[in-house]
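Chain nomenclature is as follows: A, B, C and D, assigned in order of appearance, with residue numbering initiated at 1 for each chain independently.
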Amino acid sequence: MSRVWSQIAVLAGKDLAIEARTRQTLGLVVVLGILIIVVLGLGLGPQQMAPAPAPGMGGAAAAGATPGAAPGAAPGAAPGAAPGVAALWVAYLFAGVLCFEGSMAVERHDGALAGLLLAPVDRGVLYLAKLVTNLVLMLVLALVLTPVAVLLFGFDLSPAPGSFAAIMAISFVGLAAVGTLFAAVVSSSRLQGGLLAMAIFPVSLPLVMTSTQMLIRLFGQKSASGLSGLGILLAFDVIYLVAGWLAFELVLEP
Amino acid sequence: MSAVNLVVLASAAPAGAAAGGSVDTLNFAILGYTVALGVMWGFALWSLWDLRRSRQRTGQIEEGKT
Amino acid sequence: MDSTKRLFGVLFWVFTAALFAGAVVLAFAFTPDEATMGAVQKIFYVHLPVAINSFLACFVNFVASLVFLWQRRRTWDDLATAAAQVAVVLLTIVLATGMIWGRSAWGHWWTWSPRLTLSLVLWLLYVVYLVIRPSIPSAQRRAVVAAVYGAVAFLDVPLVYLSTRLMPQDVHPTEVVLAPSMRLTLGLWFLPVTLLTVGLIIVRRRALALQSQTRAVLAAAENDGPVPATIHPTGGVL
Amino acid sequence: MSTLSINPAQDWPAADTVTAPVVQTQGLGRVVDDRVILRDIGLTLPRGGFLALLGANGAGKSTLLFCLATLTPATSGRLLLFGREVKKDAARLRARIGMISHQAMLYRDLPALENLTFFGRLYGVARPAQKAAELLEMVKLADWRYEPPKNFSRGMLQRLAIARSLMHDPDLLLADEPFTGLDVRASRQLEDLLRQLHGAGKTIILTHHNIAQSLELAGRVVVLRRGRVALDAPTGSPALAQSVEEILVS
């Protein structure tokens, strides 16, 4: 078993070394993330910061916010966390797609993937190594985006920073599990970038919905969120890590 | 233009519907059924037509080759 | 043999059409209007059976995808595609009827009720399935990628259903207490809709099989020898 | 699912597979989208052989090579490498195969030395950095060790690819049209390298378009036509070049 970990370290190490030299994927990912947060922040932030949140404001962008005056968002003076959380997730989804595509594109030049497949390495290990690479890149993205989101949307992380980090970490594992698998499909059959986003978004909807609800409750009522949500996130991670491990071999093509 | 009117009409706040006016809800029921059956049977008829066309095409290819 | 099969086909469709006609008459003429929502509640008799059958079609796609990955026979790939096409059509109906019903009963087109949200996500998943297929040139590779996607996408169903539980529950209850005659009508409506769904999947699979066979015959014309119609069992694509 | 990878260096029972021919195929076939690419290929290559694989474009040369490299599964027939069934032992057999192609199969942004060291570690080679330095010396790229391959010329890229394929000291070297795009000088350097490796006991299979160069380099030639073996003969006889050309032209 230690052999597998050393191979994952070697493979992920290679990806991160290339990324450190070219900073190509990371640059794109972080800039796009910030752009999305700022644009959505401009659209949603100001009203939300207004003293009395406008009644009809509930219709935030992504899933998770209920229409009309349904009492979903936290009422009263505390600005509803829904728009900010939704914006954060929109940024992570789109930046994530660029990240998964970029980390797989490295293998496409000069037939590098064939060189990799020639090595006596189990395809599942290749999947896990690429997953680790994507998680590291997304961690860097999160370290940049979270402060920007805090500034623009006035998140109050102080009551439960640990929970926030835990929820995001678990959600990233799930998103990366799906993204790494589908990125392999795209990289080998020359699909356009748009198709990768189309493949990843619907599949990861339950992850985004659950994580958004948990974060809204986290910021809204200042209490740790319900455990049922955690169960769903963990179930999502386990299901898609196993599916990715098994299916990676089928979708790879030298 | 009618399409635009349709969208504008659809987005307008519902007049008496929420109040459960009987005539209005019946129209909605009929609309619902027409949409449901229309799409279902439209697709069914198209599928049968596509099946017949595929059968003919395979038949031609078989004759063409032998 | 072929003519009797064709006759059975015609009988099947005529019988199903008759059942539908009877069910519509039953719903409108012999079932009372619901107290609070009025006549629009009648949409429920078609909405629920179509929703259940759409989940059935998604499940057929899931199983067909898995069996294809195991056996690599093209017939399973055709079945998976047929099931996905039928699923998308049925889910479109579920969403349309759900929205029309919501518009009349509560005044707005969309509510995040668990069943509608699940139907929307499934609709997205299987539209993406149908969009991904033609974008992959090689038939063999398309079948493998589609099968992987079909298997992975269906794993979402339980997760979506659970996560809709977390959504802030809607103000308007969608489930209504049904009078006995209403429950009978609802039960009766399941038969025609299920028959239609099964018939659609069979017809679509047969049409797709014929089309892929035609492509195979044309491709084989270039080789200097015959090629078996199915993909070789060991023909894994790496 | 292929078995979990094992460390190739230690537990490879060398004894029984030393004598077995490197490559044995019976009725090997490959069908993609109902097009037959390889049909009933029967080949046996003993240890130390140097085989040139010729054929028009689309005759199936590259596909056959990719099958031998265990990268593409055959749709029918049996394939044994070093006496072992590829279907069962693919991961373990890969440890004894090296491959070069008209693509470098390297990471263009990683410096040459780091590229080789990475592949060395992946194959579980002892002291990969030192082995990489030695190989760079052998292919005369030592003073380019810190340069990334994207700045290399085609000839240098090809030599680096050879170094990569030798990191784990394979017994079988597969070369898929390696001379493509090389100028005369680089082509000569590649020829010398291949002769040197063959002299060192490596079994080599080369796909190529240039008949004269192939016949001069290889000890045996196989010509593929529309997925079948049209000619399989040792090199050396004068009329061979003529008959090979006739097949390729027909």
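Keep this in mind: a contact is a pair of C-beta atoms (placed from the backbone, for glycine too) under 8 Å apart; a residue touches a chain by one contact, two chains touch by 3 or more.
Just so we're clear, the structure is a prediction, and the values are computed from it rather than from any experiment.
Undergrad: Which chain wins if you rank chains by how close their C-alpha centre is to the centre of all protein C-alpha atoms?
TA: A
Undergrad: Count the touching C-beta pairs: is A-C or A-D ahead?
TA: The comparison resolves to A-C.
Undergrad: Could you give the separation in Å between the centres of chain B and chain D, each centre being the mean of its C-alpha atoms?
TA: The computed centroid separation for chain B versus chain D comes out at 58 Å.
Undergrad: Calculate how many whole Å lie between the centre of chain A and the centre of chain C, each centre taken as the average of the chain's C-alpha atoms.
TA: 30
Undergrad: So, what's the distance in Å between the C-alpha centres of chain D and chain A?
TA: A distance of 41 Å separates the two centres.
Undergrad: Provide the C-alpha centroid distance between chain B and chain C, rounded to the nearest whole angstrom.
TA: 15
Undergrad: Counting only residues that touch at least two other chains, what does the list for chain B look like?
TA: Touching at least two other chains: none.
Undergrad: Two-or-more-chain contact residues of chain A, please, as numbers and ranges.
TA: 117, 249, 254 - these are the residues of chain A that touch more than one other chain.
Undergrad: If a residue has to touch 2 or more other chains to count, which residues of chain C qualify?
TA: Answer for chain C, listing residues that touch two or more other chains: 108, 138, 236-238.
Undergrad: Which chains touch which?
TA: A-C, A-D, B-C, C-D
Undergrad: Chain A touches which residues of chain C in the complex?
TA: 69, 108, 110-112, 121, 124-125, 128, 131-132, 135-138, 141, 144-145, 148-149, 151-153, 155-156, 158-160, 162-168, 170-171, 236-238
Undergrad: Per the contact definition, I'd like the list of chain A residues that touch chain D in the complex.
TA: The touching residues are 3-4, 7, 10-11, 13-14, 17-18, 21-22, 106, 109-112, 114-125, 246, 249, 254.
Undergrad: For chain C, which residues count as touching chain D in their complex?
TA: Listed in rising order, the residues are 138-140, 215-216, 219-220, 222-225, 227, 231-232, 234-238.
Undergrad: Flag every residue of chain D that touches chain A in the complex, lowest number first.
TA: Counting only chain D, the residues touching chain A are 1-8, 66, 69, 71-72, 91-92, 94-95, 97-99, 101, 103-110, 114, 118-119, 121-124, 148-149, 157, 164.
Undergrad: In the complex formed with chain C, which residues of chain D make contact?
TA: Going by the criterion above, the answer is residues 31-36, 39, 71-76, 87, 226.
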